[in-house]
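Labels run A, B, C and D following the written order; every chain starts at residue 1.
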Amino acid sequence: MSKQEFSFPAEAEVIAYMETLSNWGRWGEDDRVGTLNHITDEVRVAAAAMIRTGKAVSLSRDIDPLEADPLHSGIAQVQRFMGLHEVADHLGGEQRRFDAVTEYVGISAHGSNTHIDGLAHYSWEGTNYNGFKESDTTSLFGAKSLSVHQADRGFLTRGVLLDIAALHDVRWLERGHPVTPDELEAAERRQGVTVRPGDAMLIHTGNVEAILTEGPDAPGPAARQAGLHAACLPFLHERGVAVLGNDGIQDVQPSGYGLDLMRPVHTVGLVALGLWLIDNMQLTELAATCRQEQRWEFFFAALPWRMKGVTSSASNPVAVF
Amino acid sequence: MSKQEFSFPAEAEVIAYMETLSNWGRWGEDDRVGTLNHITDEVRVAAAAMIRTGKAVSLSRDIDPLEADPLHSGIAQVQRFMGLHEVADHLGGEQRRFDAVTEYVGISAHGSNTHIDGLAHYSWEGTNYNGFKESDTTSLFGAKSLSVHQADRGFLTRGVLLDIAALHDVRWLERGHPVTPDELEAAERRQGVTVRPGDAMLIHTGNVEAILTEGPDAPGPAARQAGLHAACLPFLHERGVAVLGNDGIQDVQPSGYGLDLMRPVHTVGLVALGLWLIDNMQLTELAATCRQEQRWEFFFAALPWRMKGVTSSASNPVAVF
Amino acid sequence: MSKQEFSFPAEAEVIAYMETLSNWGRWGEDDRVGTLNHITDEVRVAAAAMIRTGKAVSLSRDIDPLEADPLHSGIAQVQRFMGLHEVADHLGGEQRRFDAVTEYVGISAHGSNTHIDGLAHYSWEGTNYNGFKESDTTSLFGAKSLSVHQADRGFLTRGVLLDIAALHDVRWLERGHPVTPDELEAAERRQGVTVRPGDAMLIHTGNVEAILTEGPDAPGPAARQAGLHAACLPFLHERGVAVLGNDGIQDVQPSGYGLDLMRPVHTVGLVALGLWLIDNMQLTELAATCRQEQRWEFFFAALPWRMKGVTSSASNPVAVF
Amino acid sequence: MSKQEFSFPAEAEVIAYMETLSNWGRWGEDDRVGTLNHITDEVRVAAAAMIRTGKAVSLSRDIDPLEADPLHSGIAQVQRFMGLHEVADHLGGEQRRFDAVTEYVGISAHGSNTHIDGLAHYSWEGTNYNGFKESDTTSLFGAKSLSVHQADRGFLTRGVLLDIAALHDVRWLERGHPVTPDELEAAERRQGVTVRPGDAMLIHTGNVEAILTEGPDAPGPAARQAGLHAACLPFLHERGVAVLGNDGIQDVQPSGYGLDLMRPVHTVGLVALGLWLIDNMQLTELAATCRQEQRWEFFFAALPWRMKGVTSSASNPVAVF
């Protein structure tokens, strides 16, 4: 398969995805969870059958307040303030044989950390998924209509890893490598797995490992990253992907389009499909485990906070084989 | 079964639990996850068999920054600051057809929220679980030895609900009701279930529902709450409970002992057993589902943050039937 | 003087103040400090002559993180997180004979606290003082054009207290009492003082003391408060007031106009005049001192933070007699 | 004057300063403001006479959340979260002709910023100034006994700049240059000024300018800095200095002593003398102005927050000539 053969859609065609791939109204006028509707009770039952050896693998990197922006995303901010000797504090200064500590922790979640993007994160022409208004999100009251707490039952489903780095027999794809639907299908064939409705589809590009090893190739948003090309959006829609995860920010950067389509997988995915995203996952150990087990499907668990009014959630997704 | 018949242990006996129920060294000198060692691969495989209908129930309450301390615990603090119009900000003020919002969120986790207590939270005479020092936790560097990020593979195991409120045929136990091991065993018999190694054992007292409905009976730490009596600690140890969850703070308040044993389930549980706790869960819907399904065991999922240096994690545990 | 005799301006007239009282361009196209231009070197020299006995009076209330919203403004948030034992932390756990503590403090300044409103705080039809754009203030970069750090030399000038409560011989004015220019002039006559260019003009209504003593008469923005009526705006402009301070939020609430003019002293003052405001001052001790000294002019000092990008500054103004 | 001639005190002598230079009890058993007692009404009256031309100079650097640690102190943290479109938020989404923005700002004040060190910041053998206990400062309740809000009337007094860089005819002293009392007196003679009780004594070493220009010579606390040697402590005590300010952290680094005396001007100054410190001032413009005016005394204003429970206050001190 050579890159040259793939014919990328024109900008107008990608913008048309906002209509042609839309899930608006599909699950009711008031639906607030989008593609999570694909995770039915039956999907959960089928996913349980993936647990065979019981081996568990974390798909998150550590969140370290002492190294707040390891991926140089430029907007990460992690804080931790310890409250020591809580017992003496509560008991009027009296020391007891036991003691407790507590803390305040704070996160700007849409940054370097492994995090979930909720449906209020992106808008297109003032509108979020299912026609909710961008202006429903305000400074004072937060994201009123599409907060992540809507996903209260979490993402418990089958996970499938498509290992695009392995497809090309490299540790990580070149910076700026656009993953195409041809490559997704080639990975399916190579791995003997087919993405189906309700799946958490994870894409291994090696991008996080590349940045942690060699640094970004430019500061902030200018850095090139491997990721999905907008051309993959019809695949995501047709297969009924419930959750899309990536060791990067999903979108190949640059996207190949103008600024309005700077991040089309985010824009079309979140707004038209209502597709939940998990950015900056750690997929290196998962890819190794899949190779070792010769199995690229597993039970997948990720549980967003039930915090009202927010568009993000730090997350520690786990795969169980 | 009448309360009077139960013989509560003397204070010295509970303090002796620090030795007699100790798991220190049991899983190695450097073990940092305590009772999570009970959750073996085999336990996860067995837990998968609990998923039969696929029905999922959230066990967390919403975290609402606009109502930061619903349980009046006195130390809760939840913050959310929205960053609106992120795209224009990044592109030098230029408006595009798409837009994004982001936010900072902050939590004092050991408060009203549904949260996990990690093993660094409590100490006894300057020492945490497995002999790690309380002084390993500092203002600047946080909890160095026993941070919650050690639990990177999460809590994915069998969950068992012991419904003590239902045992007494009430919506919630009286404030200050001490749950005894006799009651735990009576609930097991009534429900036809037996707690076994690796389980997430959840106790339904109705406490959270009582406070949300009728308010606390006193402000702050003085409020009486139903919860486990220290006498349950041997049960927790013998059965190999991996995770203890409760619609309250585990410990009955007052504990029935002096200030050193103000919260013995926390102190002995966290320090001697290395037992992970989940406070302030929402168990009302779970109890109703168990009753309806006539099944008090289920697949249990809770995934602490992989944040380094902290003793807590907000959490949204989910049960799947 | 009776209230009925005063003829309040119509809404259109107040809106016309945006033009008729405008200081735009008066101190240059790029001026960013507005009425602080009235505080010339000569004004500072004249102000120094006010210091005669050396008695100093604080005009701020305490900011107490344990009582974050004493005036029930609904948006106050004050935080303090202590870092204890900083020395041991820095020296790798080693205890020394000396120790240090540090802390993080956080404030939502436009709330209950005594605070300065900078010129970026309010806009009218998308525009701030001197034609700067409201859109110059963004989530990511803050208030780029009119941040409070522009006032780097502080407010060091003559202060004048107009004691409207004393004029009516009450401890505090009735909730919702609109202070008129007639009353300002009557207070000047009664006190034997005349407001002149560069002055910090402070208005004692007794409002803060009323709320602290008797509570607000309604929650949040609905509460009635004594304060300046929009009719005072020409007085502020003609006299060349540099800083306006008040034991309330300047504006009488309700303002007597529609929602567009909900807070006309803020809107016209900040946007048209470029007038710096100090809300929620503690003026009780000052009023008593003035009465005792039979002197309503003094040296006035308030020093905003030099924090870039912000529209507010907590402040502890001090008067010296 | 050559450095070699100066005989530095031995470590034991400096430790003895804790007794010999102590102000404990001098202003009463319950005194909480230490050397601010030197700023009497008479001192304020005399200070007013310093205002002759009215020229004002800010002595603070900007605090920029986008550049949180310009001096690489390693513990600075400045945050700003904007709340945009506050009006629409409050009025239920309704747009009006006026709008407002607000923000949350947070500071770890004992860092790179120009900030005041309050008397609870340092302790010696568990004790703060005047015998208050270090344990009066707790995670939950903050600095109960010696919070900066005690200084409610601010620092309004005479300021004196001793320009040690100019004494040596350099832009900045060498990193690690220890300023001795000989140099303080030589600067007094050269400038024709004498430090007297109640003064804010400012020391120009050029240290901040050196770091901003050339960077620190090592990361964090290891960096050498010019500053006062412990040998200056008797001078500070004898002259009755009320406030000590510096374009650095007061103490020369390294101090020339062991770890217990890592920062003796902080330790002895704050604990024994009760001396208020202002770290990391911007003194470059002040030094130039003094040289130009041939006058090294001026009116000095600095106003700590009235925040309860804290040991620090960001500050923008201003000098008026």
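Just so we're on the same page, a residue touches a chain if its C-beta (ideal position, glycine included) is under 8 Å from a C-beta of that chain, and two chains touch if they have at least 3 such contacts.
Fair warning: this is a prediction, and the values are worked out from it, not measured in the lab.
Asker: Which neighbours do chain A and chain B have in common?
Answerer: Common contact partners of chain A and chain B, which must touch each of the two, are C, D.
Asker: More C-beta pairs touching across which pair, B-C or A-C?
Answerer: Output for the comparison: B-C.
Asker: How far is the middle of chain C from the middle of chain D, if each middle is the mean of its Cα atoms, in Å?
Answerer: Distance between chain centres, rounded to whole Å: 27 Å.
Asker: Centroid from C-alpha atoms only, then distance chain B to chain D, rounded to Å. What do you get?
Answerer: From the centre of chain B to the centre of chain D is 46 Å.
Asker: Quick one: chain A and chain C, Cα centre-to-centre, how many Å?
Answerer: That pair's centroid distance is 46 Å.
Asker: Which residue numbers or ranges of chain A touch two or more of the other chains?
Answerer: 75, 77, 79, 81-85, 90, 102, 104, 138-141
Asker: Which bits of chain D are touching chain C when the two form their complex?
Answerer: 40-45, 47-49, 51-58, 60-66, 75, 77-82, 84, 90-91, 94, 96-110, 114, 120-126, 134, 137-139, 141-143, 149, 152-154, 156, 221, 259-263, 266-267, 271, 299, 301-312, 314-318, 320
Asker: Quick one: which bits of chain C touch chain A in the complex? Just the residue numbers, please.
Answerer: So the residues of chain C in touch with chain A come to 75, 79, 81-85, 104, 140.
Asker: Help me check something: in the complex, which residues belonging to chain A touch chain D?
Answerer: Residues 77, 79, 82-86, 88-90, 93, 102, 135-136, 138-141.
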